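In the two complexes that follow, chain A is the common piece, with chain B as its partner first and chain C second.
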Partner chain A sequence: MSAKLANRIATVVIIAVAIFIVAILAGLLGYILVRGLGHVSWDFLTSVPQSIREGGGIGPQLFNSVFLLVLTLLITVPLGVGAGIYMSEYAKANRFTDFIRLVVEVLSSFPSIVVGLFGLLVLVHYFGLGYSLFAGALALTVFNLPLMVRITEQAIRAVPKEQKEASLALGLSRWKTITSIMLPIAMPNILTGTILASGRVFGEAAALLFTAGMSSPRLDFTNWNPFSSNSPLNPFRPAETLAVHIWKINSEGLAPDAAEIAAGASAVLVIVVLLFNFTARFIGGYIHRKFTASK
Partner chain B sequence: MKERVTLDHPKEKISKQHLTEEWVGKIYTWLCIIVLIVTIFSMVYFVASRGLTTFFRGVNVWEFISGLRWQPDAKPPIFGALPFIFGSFSTSIMAALIAAPLGFCAAIFMTEIMPKYGRRYLQPVIELLAGIPSVVYGFVGLSIIVPFLRDTFPGQGLGLAAGAIVLSIMILPTITTIATDALSALPGGLKEGSYALGATRWQTIYRIVLPTTFPALMTGVVLGISRAFGEALAVQMVIGNAPFLPRSLFDSTSTLTSVITLSMGNTVMNSPHNNALWSLALILMLMTFVFVFIVRWLERRTKI
Partner chain C sequence: MQTKYEINDLKLYYGDFMALKGLNFSIPEKSITALIGPSGCGKSTFLRTLNRMNDMIAGTRVEGEILLSGDNIYAPSTDVEQLRKRVGMVFQQPNPFPKSIYENVAFGPRLHQKLDRKQLNEVVERSLRGASLWDEVKDDLNKNAMGLSGGQQQRLCIARALAVDPDVLLMDESTSALDPISTLKIEELAQELKEKYTIVMVTHNMHQAARVSDQTVFFLNGEVIEADQTGQLFSNPSDKRTEEYITGRFG
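Moving on to the complex of A and B:
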């Protein structure tokens, strides 16, 4: 076989593989949306699930997912940004810093089910939180923190050195320079990264099975007192999220329309994740244009 | 005299304010780092202490790892985890064998063949594939891949092959992203030298580009395997969950993660069955360390 023929065959194969991958995604999204969207209606999005009868919805699960995401971000963002600032600004090039890097790397490659088990043992049993939103949020924090640290560290490192030096030369303290000069400049990147991480958190289920629980109590959506047990805002109640719900009805669903509900819920989940993706892209692009005056 | 005092006063105030600010910053960032370190140490400690209980209570480590029978309800209960260990390794390695060629081709497409189309279409596609939640992959696997395998091959459809296929799509983004980064970081001179000698594009790719970036490509593959190894729900949904060694690719089996997912909720804390599940979690955790060290080793080779 001549070199030119081999070259041509290889090129064709590689292009075919690229098209194949695009086709996989198109097929996946198409399948989920076509099969699921038919089942999605306002009623489906707001009504409570049924265990044996058909016609159940995903209202509480959807609310739980969003609420859990908010709780998780409230804990993760301050911690992750702080640790990221440390890694980029305070860490010296020594063994201890290498060690922290190893910690972040190990933490980010822990299987999420192991994180869930850790949550079950320490948060649910040891600290007595029970299956609760709060335990779930802490487990997701463990799962999300390394990502957040990395995002912040990279964003802060990308801040032009001159800007930092100018601020220090004007007599601002190091911390003041970080918070009022570098963080605002790094904010677009941190924001984009956080939104992408949120998509990951929103779809996570394995870490939540044994922390936030697989059931949702009857919620009274008119009771907004966070301390009452049937209030949706109570962070110490068990909460099944959308992703966990999909898993549960696929493996042990008894309702006659379980497959349709799974399809509808998957479609909703995928749409939310796509929304997060597009928002991150849009915000990233918009701020990039604003800051660089490029088209 | 009086003037100096008025000048000194604000200066002192400013330096004091500086000091407080610096300390606030240092203490705050330190606290965050301490939280990180405490988290990892307590995770390792708790999982290890629970996971080792089985072995302290008379189960032989070797019998646990190499045993073929998993019968927690028998009297006395028998715990042999080999089917799960085999299931985890075989699904994740098969997934990598499927995903790696596809990922490398995608990376070559994006960097060497059509960079413009690659960045415009293929890259967002890869990012979206990375963003789709694992339960959705499980659901799609259950409703497309499993029926397809059931109709085409002997068996129930649920099994090793279904698990490997679902996992391969899930780890494709990891492998592709790292391969793309490695290929685009390659100095241009190498390729130009090859072209100048009259090599075709394919000759340049497989004689120059791929061998030079090999450690980095393998880093992506190992990270992919590590992700597949720890993936729980998607695999659990399609693998069939039979606690035996599979006899064929299309036979139902289990992985470490799938058996933990299924049984952990139904066992009582501190019962032998529960402890055995924690031992499986300990194996998962130890494998995570192994993967991290392989990745670090490969990364060191990349720099040379």
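Moving on to the complex of A and C:
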């Protein structure tokens, strides 16, 4: 076979594979959106679910998903950015550092159902948190923290050495150099990485079944006291998220329109995750242009 | 002329490798000293000992001493940040921060001392004038520094270094990434700056060393072969290896 022919065949095969992948994605998205979007309305997004009658919505679940994400980020962003800075700037290249890196990798690839059961045993029962947003946020931290560490470490490492040296040569301390030069330059990458990682948190179900729970109390959206049991802001109340809700009504939903609700909720979930992706791209591109003064 | 730097038996190791093999010479103040030699001879490594930028590289070890105005900068009591404030550095590639022109120059002074807006404006203007850049950028101070040409960026980096009020300026092949006209501007600038600052420059370009420097130091394999007045070194080198290098026999 001549080199030219081999090249042509390889090109065709590679293009075919690429088209196949795009087709799968387009098919999946199309199927979910076509099935679900018809059911999505303002009323669907804001009303409470019904257990037996039809016409239930996903309002509390949507709120729970967003609130849980915020709680998780409140825990993981400071810890993850701090650890990432340590790993990239302070940790010496030795076995201990390699070991930390290995632990972080293993942590991020834990099966989520195992993390969920671990959360049930340790957080919910042993520490007595009960089914709560807080327990859910801690379970999600197990996946999200390693991602944040890696995102930050890589973003800081990607800062050109010249920039770092320029700052040090002006007599700035290492810490000042990190906070006033390296972090701002790394920020677009950290930000886009965080938003992408948020997509995973938003869609996670298995780890939340036994931690954040499969029920939501009657929430009073006019009560903003975070210590009150029916306040949406109370982090110690059970909170069924959107992804968990989809799983639940699909497997044990009694409402006659359970299938439509699951389809609608799936469409909403997919759209939100897509929004995360597009936002990440947009913000990353915008800040990059601002930093490099390119058009 | 007063001595600015005195180097006494300076040895530098990267792990087990001895990169500088016991250097002894001095650098006079308010003049331009050029460091020349083939690639890998240790001239850049040496330059980076003068403001202790080698500290960043893991596994570096320094023996001997470098006296800056009489004080050993490798003494344990040395405040490295204060040293680097006194000894500015301009790098091979222009490396302005991705901020506005104003912010680039104001960056150092703002973090080192408390200045009000007016004082800061004065420092920025004085530094940009010092680097012969003021007239070109005075209307665009809020524009991003990344939009400047390479030569302008390099002069901005000089202005940024001047803004923290150093008395030494180290230039690490600072014109090698620039076109000939920008190079000439930086060379002229160096001539003006030596009135106030001690300048030490590493250069690959022997013509540049001959053109702009007052003293020249010839490095080879981690040793100083010859250090002399530039005219003397180029017209009548005392070591055979110096003569071979400057006549283009190797390197």
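The rule is simple: the second predicted complex is superposed on the first by the 275 of 295 C-alpha atoms of A that agree within 3 Å, B and C clash if a C-alpha of one lies under 4 Å from a C-alpha of the other, contacts with A are read in each partner's own complex, and residues count from 1 in each chain.
Convention: contacts are C-beta pairs under 8 Å (C-beta built on N, C-alpha and C of every residue); 3 or more make two chains touch, one makes a residue touch a chain.
The model shown is predicted, which means the values in this text are computed figures rather than measured ones.
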In the superposition on chain A, see if there is space for chain B and chain C together, and answer fit or clash.
-> fit
If you stack the two complexes on chain A, which partner ends up touching A:139: first (chain B), second (chain C), both, or neither?
-> neither
Scan A:210 for contacts with chain B and chain C and give back first, second, both or neither.
-> first
Where does A:93 make contact in the superposed view: on chain B (first), on chain C (second), on both, or on neither?
-> second
Who does A:185 touch here: chain B (first), chain C (second), both, or neither?
-> second
With the two complexes superposed on chain A, say which partner A:160 touches: chain B (first), chain C (second), both, or neither.
-> second
Partner chain(s) touched by A:176 [first = chain B, second = chain C, both, neither] = both
Looking at the overlay, does A:120 come into contact with chain B only (first), chain C only (second), both, or neither?
-> first
May I ask you to name which of chain B and chain C touches more residues of chain A?
-> B
Between chain B and chain C, what minimal C-alpha to C-alpha distance in angstrom results from the superposition?
-> 7
Chain A residues contacted in one complex by chain B, in the other by chain C | 171, 173, 176
Name, in rising order, each residue of chain C that touches chain A in their complex.
-> 51, 53, 56, 58, 81-86, 88-89, 91, 93, 95-98, 107-108, 111-112, 143-147, 157, 160-161, 164
Chain B-facing residues of chain A, complex | 3-4, 6-7, 10-11, 13-15, 17-18, 20-22, 24-25, 28-29, 31-32, 35, 78-83, 85-86, 89-90, 100, 102-107, 109-115, 117-118, 120-122, 125, 142, 145, 149, 171, 173-176, 178-179, 196, 199-200, 202-206, 209-210, 214, 243-244, 246-247, 250-251, 259, 262-263, 266, 269-270, 273-274, 276-277, 281
In the complex, chain B residues that touch chain A = 14, 17-18, 21-22, 24-26, 28-33, 35-37, 39-40, 42-43, 46-47, 50, 101-102, 105-106, 108-110, 113-114, 118, 121-122, 124-129, 131-136, 138-140, 142-144, 169, 172, 199-203, 205-206, 223, 226-227, 229-233, 236-237, 257, 260-261, 264-265, 269, 278, 281, 284-285, 288-289, 291-292, 295-296
In the complex, chain A residues that touch chain C | 92-93, 160, 162-163, 165-173, 176, 180-181, 184-185, 290-294
